[in-house]
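Both complexes shown next keep chain A, but they swap its partner, so chain B is in the first and chain C is in the second.
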Partner chain A sequence: MNYTIHFNLIWKYVPDLLQGAVLSFQIAILAFLGGMIIGLVGASIKIFGGGVLRGAVHAYVSFFMNTPQLVQIYFFFFALPQAGILLSPYQAVLVGMTLNAGAYLTEIQRAGFLSVHKAELEAAETLGMSLPQTIWYVIFPHICKVLFPPLSNHYIIMTLGTSMAAIFGVEELTGRAFNVNAITFRSIEVFIVTAGIYVGITILASAILVFAGRWLFRVKGKVF
Partner chain B sequence: MKHWLGKILVLPLALSLVLVLGMGLGQARSLDQIISAGVLRVGVNPTLPPLGLFNEKNEIVGFDTEFAAEIAKKLGVKLEIVKVGSPDRIPFVATDKIDFVMGAMTRTSERAKTIDFTAPVHTEIMGVLTTQAKPYKNWKDLNTSEVSFVQVRGTTAVPFLEKNLPKAKVMLLDNYPDVIRALAQGRADAMIDVLDFMKIHMDTHKQTKWKILDTPITVYYCCLGVSKGNQSLKDWLNVAIFELHRDGVIDGIWEKWFYGPMLHKIKWSDWF
Partner chain C sequence: MIEGLWEEIPRFFTYYNWVFLLEATGRTLVLTGIGCLVGFAFGFYLAVARLYRGRVFLPLKVIIIFYVEIFRRVPFLVTLMLIFFFCQGVQLDVSVFTVALITVCLIAAAYTAEIVRAGFESVQHTQWEATEVMNFTLVQKLHLVVIPQAWKVILPPAFSFFIAFIKDTALASQIGVVELTYVGKVFNNKGFSAVLAFGTILILYYLISYPLARFGAWMEKKLAVSKH
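Right after this comes the complex of A and B.
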């Protein structure tokens, strides 16, 4: 064997990688929260909205679900400047990931809307609730509970998807791993450590989601 | 039930990772084994024109490919070009999927802990590419927080910037076309990279008024990367590289692909 694994040659870069992990975590959380809001509005329009609005949401969802996320971020980063809009790498990635998440979360939440019993909606109507009130007080708490597992899954996928940001000059975990690799050439060690950190941040995210679920919506879930 | 199922799944995954690593790290082929096999496998990065690029038939061509063909000819074996990228090129050598790797392998003492370098094949002169609108005259003017650089992630210019122009801001993108576009769009003020390569990139954005600062910064020496300790192959390659320099073969290939002589020529010596 001509390659000896030396983890000790890359230990000094680990704090730098961990800083990148914090940024990955942050991008995922912001994009997910933004996507949840877009998704709630989008799902409401898809279920209750009228012709033109519904068509617009439909077009948005099909566009973002049927094109690769990478291409979408490329568009925000390299095509918008031709129209005079210069987004920073961080902004472009965040806008791209939020809009992409919004499309998927619209579809996931729409399924949740449909799972609400008609009787509950009729009860809300009887109580004189307006449509936004019904969505906020009756449907949203309901779908949070029903949709907790698929929403958590999507969040984990998004956390791993933040690695794309490296291509656009955001110094998150993957980007920093490439930097360390270029300096040391210790590819095997660097990417094993990076994979380990990703496992760490997804486990941390799952744990937070499970506890948030128990506390907010009384959903029973396990980290493992 | 979910929890113990998860743990059971993790175990074989971890085991297979260990196995893959253990099996993958095969013994690098010695010179004799390459001659017996009759094939020399060379890693070329096709995203570094004109060192490596795809032609219209989707074959990898360029300086590196032609140089590798000369090496294979001297060895009397067939040439197999293997596509490598920046993050995977060292694992390719380490796991014996290729015999040596090319693609502007700048030698540094840090990297030489991991792989062995042959004698240098070509050089790279580092310089500053900026636009005529910018006032900079000398690269040392660029060490202020008002200057932002855009660089290709994983190139040797990045540690150079951190060390020598620490006040400047740096944005790292994935590849040369993206970096040049970012510069043309005004996302950053300048880039430090290989002057030999810049002409090709400047031509892709003709409407931009480019400027190259005429103070070259430093010279990097690019070698072939050989698996650590593969002395028999490295010794032979050094002799072959010497002959290719002495006979002007390397200069000839360079001028064909770069439309001009190497900016800093390698001085071969009697002691190669």
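Right after this comes the complex of A and C.
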């Protein structure tokens, strides 16, 4: 064991790494919002739709949930050009992550929708509420409260998942860590700092989500 | 594109390619299986260690909380690289497979520690107090009272975590472990079309993961604690 730790060579690259963290955040949030839209449509079809449409959503969800995200992005990156669709690394990662998130968020949102009891809807009807009123005062608060914890959990998982983009050459946090590693050769230090930044940004995200949940939907949650 | 694909298929599914694919599948499963079993054992002890009360054990608790939080908040790829370069830095002569295995164990321990802790917390407070009154030792408490009730809560999430890790180990291909994803890259580099190479890998992952996921869902339903 004759490895000397030299953090002082890394410090000047920390702003560079933090810029990468901004890109990580961007990928995560875009993929999450895209996945939310897919999930909303998918969950609606799974509950209300029938026949072929429902089967298609089921196939999509089960395929994307049972295969690795990395191989999915490989497929988009290397196989789609054969069909004439050329994606840049950033686009391939974004498309792969969005579709993957869409599958998971479909399942999460479906479970949330099904948690509304029929008795609640009947009670709303008895009170003479119109449909928008029912949605706004009964369904929406209930669903938000049920969905918020698993959704924020999945967002954290997705933030960690963005590190995969580095493999395709996107210069997000891990990608930049690879670059700094190649410049300085201080591998252990670089990846310790990178890991530290990941811990920092996910704790920050968790804290914001927990407080937002408490404030908006009165969801009890813990940062740790 | 489709015609070219049909021509490639007989060249792709030769005997040796099948052997290569199946060996890699085995390696993925061994990596995940051993990693998760060792990780589960380690994580279980971490969860038990958090049960100790008293000021003497406070540093231990803090270390465990730090360990669990950090390993759950760092991406698999970064942990993998860290362990990889750490082994290189201390000149530990281990194979890349061992590096991946160590990484899986460490991460699995952190996640299962949380799962087991949630299981322990699901046991009613009065039950814990009753064991206290009976003057049980910690081993007796766990063995006779807590685990018989908690395992139903622990097993389903632990199992779904295991299935998730079959897919996460795809990242081990980045340091050169010859598992399923790596084989896909090799086939693609050999000149087979990416649709065929990665399509086969995706299907193989699906064939492994889907039955296990169904089994997990069945088990969860079967073990669901009755609310009556």
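In this section, the second predicted complex is superposed on the first by the 199 of 224 C-alpha atoms of A that agree within 3 Å, B and C clash if a C-alpha of one lies under 4 Å from a C-alpha of the other, contacts with A are read in each partner's own complex, and residues count from 1 in each chain.
FYI, contacts are C-beta pairs under 8 Å (C-beta built on N, C-alpha and C of every residue); 3 or more make two chains touch, one makes a residue touch a chain.
This structure is a prediction, so every number in the text was calculated from the model and none was measured.
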Superposition on chain A - do chain B and chain C clash or fit: clash
Partner touching more residues of chain A, whether chain B or chain C: C
Which superposed partner A:215 touches (first chain B, second chain C, both, neither): neither
First, second, both or neither for A:161, with chain B first and chain C second: second
Touched partner set for A:68, first chain B, second chain C, both or neither: second
Which of chain B and chain C A:194 touches, first, second, both or neither: second
Chain B versus chain C as contact partner of A:78, first or second or both or neither: both
Which superposed partner A:169 touches (first chain B, second chain C, both, neither): first
Chain B versus chain C as contact partner of A:89, first or second or both or neither: first
First (chain B), second (chain C), both or neither touched by A:184: first
First, second, both or neither for A:203, with chain B first and chain C second: second
Listed stretches 42-50, 60-68 or 114-122 of chain C, narrowed to the one that overlaps chain B: 60-68
Shared chain A contacts, counted only where both chain B and chain C touch the same residue: 1-3, 78, 81-82, 166-167, 187-188, 191, 224
Of all residues in chain A, those that touch chain C in their complex: 1-3, 62-63, 65-72, 74-75, 78-79, 81-83, 156, 160-164, 166-167, 174, 177, 187-188, 191-192, 194-195, 198-199, 202-203, 224
For the chain B and chain A complex, residues of the former touching the latter: 2-3, 6-7, 21, 25-28, 86-88, 90-91, 94-96, 110-111, 113-115, 150, 153-156, 158-159, 171-174, 178, 181-182, 185-187, 227-230
Residue ranges of chain A touching chain B (in the complex, touch as defined): 1-6, 9, 78, 81-82, 86, 89, 166-169, 171, 175, 178-179, 181-188, 191, 222, 224
Touch list for chain C against partner chain A, complex: 1, 65, 69-70, 73-79, 81-82, 85-86, 88-91, 167-168, 170-171, 173-174, 180-181, 184-185, 188, 193-195, 198-199, 201-202, 205-206, 209-210, 213
